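What follows is a single structure, and I will ask about it in a moment.
By letter and in written order, the chains are A, B and C; residue numbering begins at 1 in each of them.
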Amino acid sequence: MTRGALVPSRFAPVLTSLAAIVAAMILGGVFLAMRGKDPLAAYGMLFSRGLGTSYGITETLIRMAPLLIVSAGLLISLRAGVWNIGIDGQLMVGALFAGVVASAVAGQIANPLMWLAAALAGMGGGLLWALVPAILRVRWGLNEIITTLMMNYVALNVTSWLVKGPVKDPNVVPPQTRLIPQEMRLPDIAGSGVHIGLLVGLVVVLLVSVLFRNTVVGFMLDILGRNRQAAIHAGMPVNRLTLVALLASGALAGLAGANDILGVKGLFQGNWNPGYGFAAFALVYLARLHSLWIIPFAYFLSFLAIGGEMMARPLGIPTYFVEMLEGLMLLCFAVATYFERIRSPFGRAEEIETGPATAGEPPGPLVGDPVFEPVARSAGGRP
Amino acid sequence: MNGSGVPLAAFVTAMLAAGLVAAVPLVLAALGEAVGEKSGLLNLGIEGMMLAGAFFGFLAAFQTGSAVLGVLGGIAAGAVLGLVFAALTVSLRVDQVLVGLAITIFGGGLTAFLYRDIFGGQNPSLNVDAPRIAIPLLSRIPVAGPAMFNQGVLFYLAFALVPAFAFVLARTRFGLQVRAVGEYPFAADAAGVDVTRTRYLAALIAGSMAGLAGAFLAVADLKIFQVGMTVGMGFIALALTMVGGWNPYRILLASVLFGLLRSLGNGLQILGIDVRTEFITMLPYIGIMIALAILAGRTSIPAALGIPYARGRR
Amino acid sequence: MANPHPPAPLSRRAGRGGNEEPIDRGPIIAMRDISKRFGPALANDHISLDLWPGEVHAVLGENGAGKTTLMNVLAGMYQPDAGTIRIAGEEVQIASPADALRRGIGTVYQHFTLVPNLSIVENVVLGDEGGFLPDLSAADAKLTAMLADFGLDVSPRTEIRNLALGQRQRVEIIKVLLRGSRVLVLDEPTSVLTPGEVTALLDLLRHLRDQGVAVVLITHKLGEALAVSDRVTILRNGRNVGEFGPDVMTGAAKESVRDRIVEQMFGATQPTETRHHGAQQSIDVSPGVAIKHPGHSEPAGEESRHSRTDAAFSRDSSFLGMTTSLRRSPSRAESGTTLLSLRGISTLGDRGAPALQDLSLDLHRGEVFGIAGVDGNGQKELGEVIAGQRAVSSGQIFLDGAEITNRGLGTATRLGIGYVTDDRLHEGSVAASSVTDNVALKAIGRQPFSNGFWLNRRAMDEEARRLIVEFGVKTPGPETAIGMLSGGNIQKLLLARELALAPKLLVCNKPTTGLDLRTARFVVQTLREQADAGKVVVLISSELDELMEISDRIGVMYNGQLVAVMPRGETDLETLGNLMLGGARRAFKVPA
């Protein structure tokens, strides 16, 4: 039912998110005060440094790129009602693939071709990592929540092993791939310190927006996410759509990994795990599963992260404050959707439709909520 | 090398002990999760609850110097988050996966923030007593004895809780109500069971057990806190709950297997056998997926898992 | 909480001893002016109802008459918006199902409230207010005797999922009786039972009545109400429109009682003899035109109510132009050529049990083929098989002579087979999506809605607007989420969606359930028109009147098989009813 309440429509749903953000920041402020810190000074510095300094803005925009790409991918799977909690693993494998391919061909082919090759390798890596849960889901009905989670830990180990052995740069001691020289990485957008990965991120979001707004596949993914049974009834290829949703989301996670390798890091290090997954979850929900709203919310969350880093030292507030704030936002958001639901005419309509008609006639115990069905029906077992 | 002077028996004992100890937090958290899921609550917040248990357990023990108070503090922290989970998912009927992830993110951020804020750059370790209790006679059994019967209180407690949970779920009125509410809440409601109360209690138990699991890690086992120290153990417990088919004994079995596989990796390294540890460390995760695939269709998942209940509405 | 009325054990209750000696002087339950509103729909409109101990009280009414809502109020599932409930004279608030049970009101819901993965004894002790450890052994002992009494030869430790439906129902009754219920409410108890089980259940109800239990039988089946009840209350459109006490019910003239009840239920006498003449006889589809039997005394106020509804309905019928189109000769269908053939079809249901067994059927152009049957006898699966939504495990399907077996729903849709599901809220429509998107749902991959890749939003929007106007759908606009519309408007859209695809064959499963009369008439008329235009309409319905009205042939499903296929003119309601319950055709009179 929650999913129904999360359906994008114009501006109103975003107000719920904004309310949640404000509530979370107030709670966070109270929390700071309880720890003996000045919340006004903290938020003041957060905003002035994050928004008011060119360093803050540049860093925010750099940070935004992978977040945009990851979130766009996560949005595809969530809109289709598929829980991809394996973003982090997919991103790591994608980053490693990109790092290996890029350093292998760097200098031998033109830079743009190298970037393209690395991007494709990254997407391939992410896709590969999403393929396992996707097949388990479609073929055996295994709940993708558990399998994508498990694949994260497998990714951690596999990349760690690869980077220590087979693909390690033999010339250095730490486990890492060969460094891509600075001049071969993604160039900055003219006149700024922000590499062009940001543009890639914006384009990806726009493409996803077009996907859902203007294409048959996007339409079908939406229907699948909202009501699986209706998708079956309408003759849609439900299994193939599920596969597409998970794979697309994995491929974009991989692309985000490639973006960080090509734009920022230049190499893949063992145990590098930026943990965008959770941030992306918060982001996509705050954006109300609406593709274009990802952009401002990605900026906001990036700004929070960068601002949090910048205020940490002068005010003695650990950067983890931001992570806590993200959790609080999501919790407040959960509460806010409740109020939205009971106030919306749609919530009442639901009451009307299901009240008298099904009173005393609950679904049989084997019938799941269509939204949750993938989980309810297949967690650990086949329907 | 192989003949590095470590007697094989001692090695096996050490590995067995390490594996069993590694299984303890998993068993604890998974038992609680099993009760929650049996009542229809899929708690992805378990990771955050474990972290909260670890940190607040550590903090309480550090401040009071008492391991007991530390453990209680950990349980309380988990319980509070369990109640938050119940309030949002049962009363407000918000999506359980969303709320669970939110709690996990919040728990991670909160504990990391407080740890850094309170302890600064230091990483103190606890100076509390968590005595080993050697069980007479049994602890003298060669190889297995020292591993299984010379451990701390919580270690024994974890294993004792397995039959206790099995009994509660199978025989008590509460267990009956939990199973009914997770399978067919409308029927339970019509029979006069308070669905909301039952699910709150189940969430409370799930949270407390996750908190206890975290406290075990920080207070009893490692005696330190680290940012993100549970490294996904909560999610693993979640998976083990499903692998174990919500049956406490099978959950125990799955957890111990998992723990042993992990300690095997370390053990082989100690022995100097040249196997990449990564392969062994990832075995348990792959094992979980294979187990789930094999078990698919053979275990019956609580039918109302993940589905909010409101009287007179579907 | 203290039990205000500790129920007496069954054995101590006075025997019935005929009809003359009620146990209490007053009714055990007195409901007064109960009203319950769901949004714009007034499900219960000042209903008053008395329940007496030692009586079987049937509450009769069509789907949507308010029966289930009323009983849910009594069971504590709903709180009434207005009205009072007295138990043995004392006014009470029934706060919850648990509260109702404590007060001695036990309800057996249509969808059983037994937890399938618990044993019988666990289900029985589930709601007890007892200690931490339920005493299963003691409950076992009590249950074993009770199970035997109720003719159940199973151990109390049997899990519910291993019981047949009829057995589950008995366990359900035992469960509420063991909780000390003096009032036993059964909601449509026979809808899931085999004919043998129905007979046994009615015997059981008589037995309970004789032990002093107040039995409430909620049903829309007149036959069983007449067979077993001492008192009948008729609900219609949320109002109590009539009641017949024991004096009438146990009197001699059952047939006249039957006619009077039918009149109360439908507002018009629909004499079965009229229907027997099939299409020759004009069936007046407007219930408003009541043929009143002058001899009948009607409860006060009935007259005025009738005239109000009469006026409304006559407007409807003229608006819809019903009176001509539905009367046609049934012979045309037989002359139509075969469009679809099913040959030896078998398939499995959702739970993996056989749903259809070796079923064969030919459908002819220009006919409405009606399918009757008690729910769960394979009608839904048959509809899904024809529509391509359910794969068959054996057998063949031919469309115009070409085999289309198991080619899937997409193919079936392209070949011109349409399907309107019975679950319009959870399967037919996507509540959160707009009217436009729902209209385009089934043909989204084709022109004009898309070129296979890019959507044509304008074409979608135009089509939605066209259908809204053409079918008179009440909606703020095509962009409104379809879940905000009323059930009737959703149904119109789903029907419009299929018809817009210009199907050769249209399967409709219970298309009028829960609709207001005007919309229901519209739907039925539309289907008839489709057939008259040379298409095939398969109408699955639990409304026998509806089937009798527009079908050219009627097939009866029982246990996954078509047990009979009859031209409309050669059958009647009773025959259908008995066939649906697994009876043999020859045992009942077939009008010449």
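The working rule: a residue touches a chain if its C-beta (ideal position, glycine included) is under 8 Å from a C-beta of that chain, and two chains touch if they have at least 3 such contacts.
Please read all numbers here as calculations on a predicted model, not as lab measurements.
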{"item": "Chain separated most widely from chain A, comparing mean CA positions", "value": "C"}
{"item": "Pair joined by the larger number of C-beta contacts - B-C, A-B", "value": "A-B"}
{"item": "Geometric centre distance via CA averages, chain C-chain B, whole Å", "value": "48"}
{"item": "Interchain centroid distance [CA atoms averaged], chain A/chain B, Å", "value": "27"}
{"item": "Of all residues in chain C, the ones touching two or more other chains", "value": "72, 75, 77-78, 107, 109, 111, 115-116"}
{"item": "Overlap residues in chain B, where contacts from two or more other chains coincide", "value": "183-184, 186-187, 300, 312"}
{"item": "Multi-partner residues of chain A (at least 2 other chains)", "value": "3, 351, 354-355, 359-360, 362, 365-366"}
{"item": "List of chain A residues in touch with chain B within their complex", "value": "1-3, 35, 83, 85, 132, 136, 140-143, 145-147, 149-154, 156-158, 160-161, 164-165, 278, 281-282, 285, 316-318, 320-328, 330-331, 333-335, 337-338, 351, 354-355, 358-360, 362-363, 365-366, 368-369, 371-372, 375-382"}
{"item": "Chain B-touching residues of chain C, taken from the complex the two chains share", "value": "72, 75, 77-78, 96-98, 101-102, 107, 109, 111-118, 122-123, 125-134, 175"}
{"item": "Residues on chain B engaged by chain A in the complex (per definition of touch)", "value": "42, 44, 48, 84, 88, 92-95, 97-99, 101-110, 112-114, 116-117, 183-184, 186-187, 227, 232, 235-236, 238-239, 242-243, 245, 276, 278-279, 281-282, 285-286, 288-289, 292-293, 295-301, 303-308, 312-314"}
{"item": "Of all residues in chain C, those that touch chain A in their complex", "value": "38-41, 43, 64, 68-69, 71-72, 75, 77-78, 107, 109-111, 115-116, 187, 350-351, 388-389, 408-410, 412-413, 419, 421, 423, 425-433, 437, 440-442, 444-445, 450, 452-455, 457, 481, 483-487, 514"}
{"item": "Chain C-touching residues of chain A, taken from the complex the two chains share", "value": "3-4, 7, 213-217, 219-220, 222-223, 226-227, 229-230, 232-235, 237, 345-346, 348-357, 359-362, 364-366, 370"}
